[in-house]
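Since the structure comes first, as structure tokens, the remarks are kept for the end.
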Amino acid sequence: MSAQQTTDPAPGQIDRSAALECYRVMLTIRRTEEQLARSHQQGLIHGACHTYVGQEAIAAGVCAHLRPDDAVFSTHRGHGHALAKGMPPHELIAELFGRATGCSRGRGGSMHLFAPEIGMMGTSGIVGPCILQATGAGYSFQLLKTDRVGVAFFGDGAVNNGAFHEGLNLASICRLPVLFVCENNQYATEISFAYAAGNPQVGMRGSAYGMPGVTLDGNDVVAVYQAAGEAVARARAGGGPTLLECRTYRTRAHAEGMRDVGYRTQEEVERWKAQDPIARCRSYLLQKQAVAVDALEQIEADVQTTVTEAERFARNSPWPEAATACQHVYSEPAQPASH
Amino acid sequence: MREITLIEATREALAAAMARDKTIFVVGEGIGPRGGNFNTTTGLYDLYGPERLRDMPISERGFVGMCAGAAMTGSRPIVDFMFVDFILDAMGELINQAAKIQYMSSGRLKMPLILRGCIGIGHSAATHHSGSYFPHFVNIPGFRVVVPTTPYDAKGLFATALVSDDPVIFLEHKSILFHKGAVPEEEYTIPFGQARVARAGQHCTVVAVGAMVGKTLQACERLALAGIEVEVIDPRTLNPLDIQTVLASVHKTGRLLIVDETFQPCGIGAEIAAQVVEQGFDDLDAPVCRLNGAYAPTPYSPTLEAAVVPNVEEIVRAVETLMAA
Amino acid sequence: MSAQQTTDPAPGQIDRSAALECYRVMLTIRRTEEQLARSHQQGLIHGACHTYVGQEAIAAGVCAHLRPDDAVFSTHRGHGHALAKGMPPHELIAELFGRATGCSRGRGGSMHLFAPEIGMMGTSGIVGPCILQATGAGYSFQLLKTDRVGVAFFGDGAVNNGAFHEGLNLASICRLPVLFVCENNQYATEISFAYAAGNPQVGMRGSAYGMPGVTLDGNDVVAVYQAAGEAVARARAGGGPTLLECRTYRTRAHAEGMRDVGYRTQEEVERWKAQDPIARCRSYLLQKQAVAVDALEQIEADVQTTVTEAERFARNSPWPEAATACQHVYSEPAQPASH
Amino acid sequence: MREITLIEATREALAAAMARDKTIFVVGEGIGPRGGNFNTTTGLYDLYGPERLRDMPISERGFVGMCAGAAMTGSRPIVDFMFVDFILDAMGELINQAAKIQYMSSGRLKMPLILRGCIGIGHSAATHHSGSYFPHFVNIPGFRVVVPTTPYDAKGLFATALVSDDPVIFLEHKSILFHKGAVPEEEYTIPFGQARVARAGQHCTVVAVGAMVGKTLQACERLALAGIEVEVIDPRTLNPLDIQTVLASVHKTGRLLIVDETFQPCGIGAEIAAQVVEQGFDDLDAPVCRLNGAYAPTPYSPTLEAAVVPNVEEIVRAVETLMAA
């Protein structure tokens, strides 16, 4: 399972195979998250677990344009980005289970996903840094004269942080190949973005940094695919960074096991559930791309099998050895003094 | 006496002070209607509203700097970081501003600012939610640094912080937040700079910090069975540091171990060791020893996490080794 | 010498007495800075010295609306703000001379000016913090139910800093009584703002935070006076913060004794010198306010006398006692343990 | 051999590495055409242009975080802070990101990032331009911390930093930037973790850090007249810390003083003292002593500034006191 396209990822309308691949990616995210939620209830996940349910179109639509050597940096809510960038679900689930077979060898859990082999350069439990690090990847890629791009995924909560301001400005003045993908799900934990931001329009903030800013329906994978395609193409061509604000909603609690009342209405949640990105993509495939139902059902069955096996793999995986706990603090051990 | 948790004890001190002093306000993420991720402010929003319990965007540097400015101009801000790890984005505002402004103004400005947050390793919180960082604040002149370990101390020390005119870093270890202990209903303060002898003993002194106090006390039970009577000192505040109590104990025992979950180099254990050597050298019958958490970022997996924190077994062994030295 | 107005500081056109007072303040700044430049050459100033020459209209025009209990926070280039807020020149000069009679008792020098008695709450050698601290003063003043205001003066260099982003947003969402006065002199040391900022329009950034933003001619004290008057009145009335971008220029080197070539043309410097705010204010007073030349000459003579005496005072002032070097680190000494 | 200044020596190492390794770039404020506030990059812009010598807005957190990302993706960034005080706004990016990413990725990512800046008290730079802060970096696992004190060492240690895959904090004291010393024209490296014995002696060991090395050597001249022969050790790198060289010296002398301009509590002196006590207790004939700068923000006025930095006279007295102990 991978989001990489074999067809030309040039900007423009999504084609059928790309749309089908997006559907597969979104579904993989959804089923994996649902599995993780169950696993959390079962006590198999020892730390936090922030699901991406409801936001799948964004990771899928953006990563559809990325190659393994493009660099993605993300946040505490990063499962979807890792999967869309090509991480097999078993490496993600094993990581949350704290196993040696996890993408971070059990060192990270939900908030620290590393798979540099596929360009998943890391997620962070601290809000903000991914914006700067993606900018830095853009710096490398420009300096090294490649056409690779850096991508930062972050929430609305990061927009009020200095990292957003400094990172976007730096990318703009250096004209770096970077995508800043804000997943505006309207809340940072229980704080609404409308309360936290003097101006809750993120897309228009691009102009404060002299870069294009786009606001779009983050639950519409077709829209995300198109906007991201244009931004990636521009970045690869030396046209500099883009800010994408994807309006979306997380339909589960901020983290599994957390109270989820008092700060938003059930009505609001339901309204957004009706905009489910996977259901919308499914309709789109059936209606606009004339995909047959059984093709979709085949994908659905495949994905379910993958996830079920992934969970079993993770559950049966070994724990990391305690003796490894201090390895890799440094690239090389200090040279002993010669006496 | 009734028993309440450590976090309830701190909140009681806060509630009493807020009722009395209208210049106190709290900022943080989720400290308003939500009552704080760790229930640090539960119920207070209903009493005092959004001006005094102000939810913040994710702008740690911003609201720390803002609170420094507020503290200079007549109010008493409390920054509630939830996890203290988030304080790192505000180090410039703290070290170069909050810590220095009383000095730079020759005492004409005050800086009654409380920075509070939960510290420590546990529950697979992983590397961005397990830090402590108190050595950094102890190093810098201008801060008070408080690490309570019992509900009684938490209430009394927080009450002191709430009337201090200095910036106070108040750090509660996550693993003891819900430990219960006897706490008087009435208000009281515990002065900064007075260590607590958590257990008396004559063979060996252990200074333990934060959650290590409880583990050390457990280790003492086992050591006592072997006839080793350990004196356990909980410094309670790391700045000011009550070295006199440590010296008095070492004078009696001749042996000192410092148990600290945080990183060893330039840590609080180094400072205590250095001071005891400087001032109590002749009392020492053996090298001062340190037992620290591993020098590595905190990993997530339970097997790895357990490997980087000192445990009861290791404390027992460290004391035994020290007794044999 | 003080910038405080006895007349009503309500928004609107400047009147003659206010304009005269601004002239006096601007001239005091200029003469003091010129004196400091000479003193620096004479070796009487031990550390840095950042002059405000060319930017006087901004401090004068803004502080004209402030009371002693309003709080000003500023930067490394803060001499002008201190003087405009009412600091007598001898306290400033003595501070740069490192004397016990200086406003900061010799502890601060050019970049650390403290005079809380007159609401000069401090300048900072670090770029950024003043923005946040002024926001905090606004927080206090709102909480304490006063009509006092907080003011931050900062350079264009601070605009690209996270403190700007976080501070303005916080002030906006809390609707705090604060003025953010950006003195856009177009350079941060030798780095031009056009290079450093993806979008070098500061005034329009207000909208990114949901607050009014105004761009104005910072060498025109009449314009500054009017815009600041409106902003202060709005803040006092509970209308929240304002961002003022004052376009200006520093005509001397970044700091005294620093090389001042290579990054800007002599032509550019001369063009701006022709826009000297003091000369423009003088013309305005003569032509639009019908002030007599000898009234201005009297002010000029008074100011020169004040500055000359201030320098002598500073030069003859005692050094701080070494024994005081560690006082006031804490408000109270730690209580000794009772054993 | 020709003599050049410390800052020229470091620049020579930088220039040689940049000529060879096209992945190296430098960011900072004024490091482009201006050549650096302290001449750290003079002439390099003309050779390598704006991509490799990139002037930055005043966004310390931003460009440090950016460089961390660049270091993970194939380049070798150098952040030139001019004054290291400005690093404080980037502590989150350093402590929670740069220091941890090799570990968190199990070594699959590297972090070849150099953070350089000038440290130290002097010339009435005042409290925002006089900091050092190295204990904070020594405390945190993941960093290398280098404090050169001679032109020869500066060139060799910077050359090592330029090929290290770890984040290196490289700190040059402002007061010695223009000190000259013999430096070979050819390239060479000095491994991290090897202290330099700056002066041999048998009566007492002094570990001095940064600008205190020079002052201590001056003090030694005076002490030698009184028959006291001091061995002076310059650790050169504080992480890794070459404690073996210190222990070997203390084995010989039995006495140890650490002289460090920076704040005492939880400082490098505490760490050295603690390690020597742990590992060399039986060699000690007297308490380990520390001489530090005053525990106060750095004031501006020459009379006050002089009062907060250890001077030659105080070093002499500290050694005399130690010898009498």
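Read from first to last, the chains carry the letters A, B, C and D; within each, the first residue is number 1.
Simple rule for what comes next: contacts are C-beta pairs under 8 Å (C-beta built on N, C-alpha and C of every residue); 3 or more make two chains touch, one makes a residue touch a chain.
None of the values given here were measured: they were computed from a predicted structure.
Peer 1: With centres defined by CA atoms only, which chain is the most remote from chain C?
Peer 2: A
Peer 1: Once you count every C-beta pair in contact for both, which comes out on top, B-C or C-D?
Peer 2: B-C
Peer 1: Just how far, in Å, is the C-alpha centre of chain D from the one of chain A?
Peer 2: 40
Peer 1: Nearest whole angstrom, what separates the Cα centre of chain C from the Cα centre of chain D?
Peer 2: Using C-alpha averages as centres, the distance is 36 Å.
Peer 1: Just give me the whole-number Å value for how far the CA centre of chain B lies from that of chain D.
Peer 2: Their C-alpha centroids are separated by 30 Å.
Peer 1: Return the residues of chain D touching two or more other chains; collapse runs of consecutive numbers into ranges.
Peer 2: Residue numbers touching two or more other chains: 56-57, 59, 61-62, 85, 89, 92, 96, 103-104, 127-128, 141-142, 239, 295-297.
Peer 1: Give me the residues of chain A that touch two or more other chains.
Peer 2: Within chain A, the residues that touch at least two other chains are 104, 107-108, 112, 124, 126, 128, 160-163, 165-166, 169, 173, 195-197, 329.
Peer 1: Per the contact definition, I'd like the list of chain A residues that touch chain B in the complex.
Peer 2: Those in contact with chain B are residues 46-48, 98-100, 102, 104, 106-109, 111-112, 124-128, 157-158, 160-162, 188-191, 195-197, 262-263, 319-326, 329.
Peer 1: List the residues on chain A that touch chain C in their complex, please.
Peer 2: 160-166, 168-169, 172-173, 195-199, 204-205, 207-211
Peer 1: Provide the residue numbers of chain C that touch chain B in the complex, in ascending order.
Peer 2: Spelled out, the residues of chain C in touch with chain B are 71, 73, 104-105, 107-108, 112, 114, 116-117, 121-122, 124, 126, 128-129, 131-144, 150, 162-163, 165-167, 169-170, 173-174, 327-332, 334-339.
Peer 1: Hey, which residues of chain B end up touching chain A in the complex?
Peer 2: 29-30, 33-34, 37, 55-59, 61-62, 85-86, 89, 123-129, 294-297, 299-304, 306-308
Peer 1: Contact residues on chain B for chain C in the complex?
Peer 2: Checking each residue of chain B against chain C gives 22-23, 25, 51-52, 54, 56-57, 59, 61-75, 77, 92-93, 96-97, 101-111, 141-142, 144, 164-166, 191-195, 239-240, 242, 244-245, 248.
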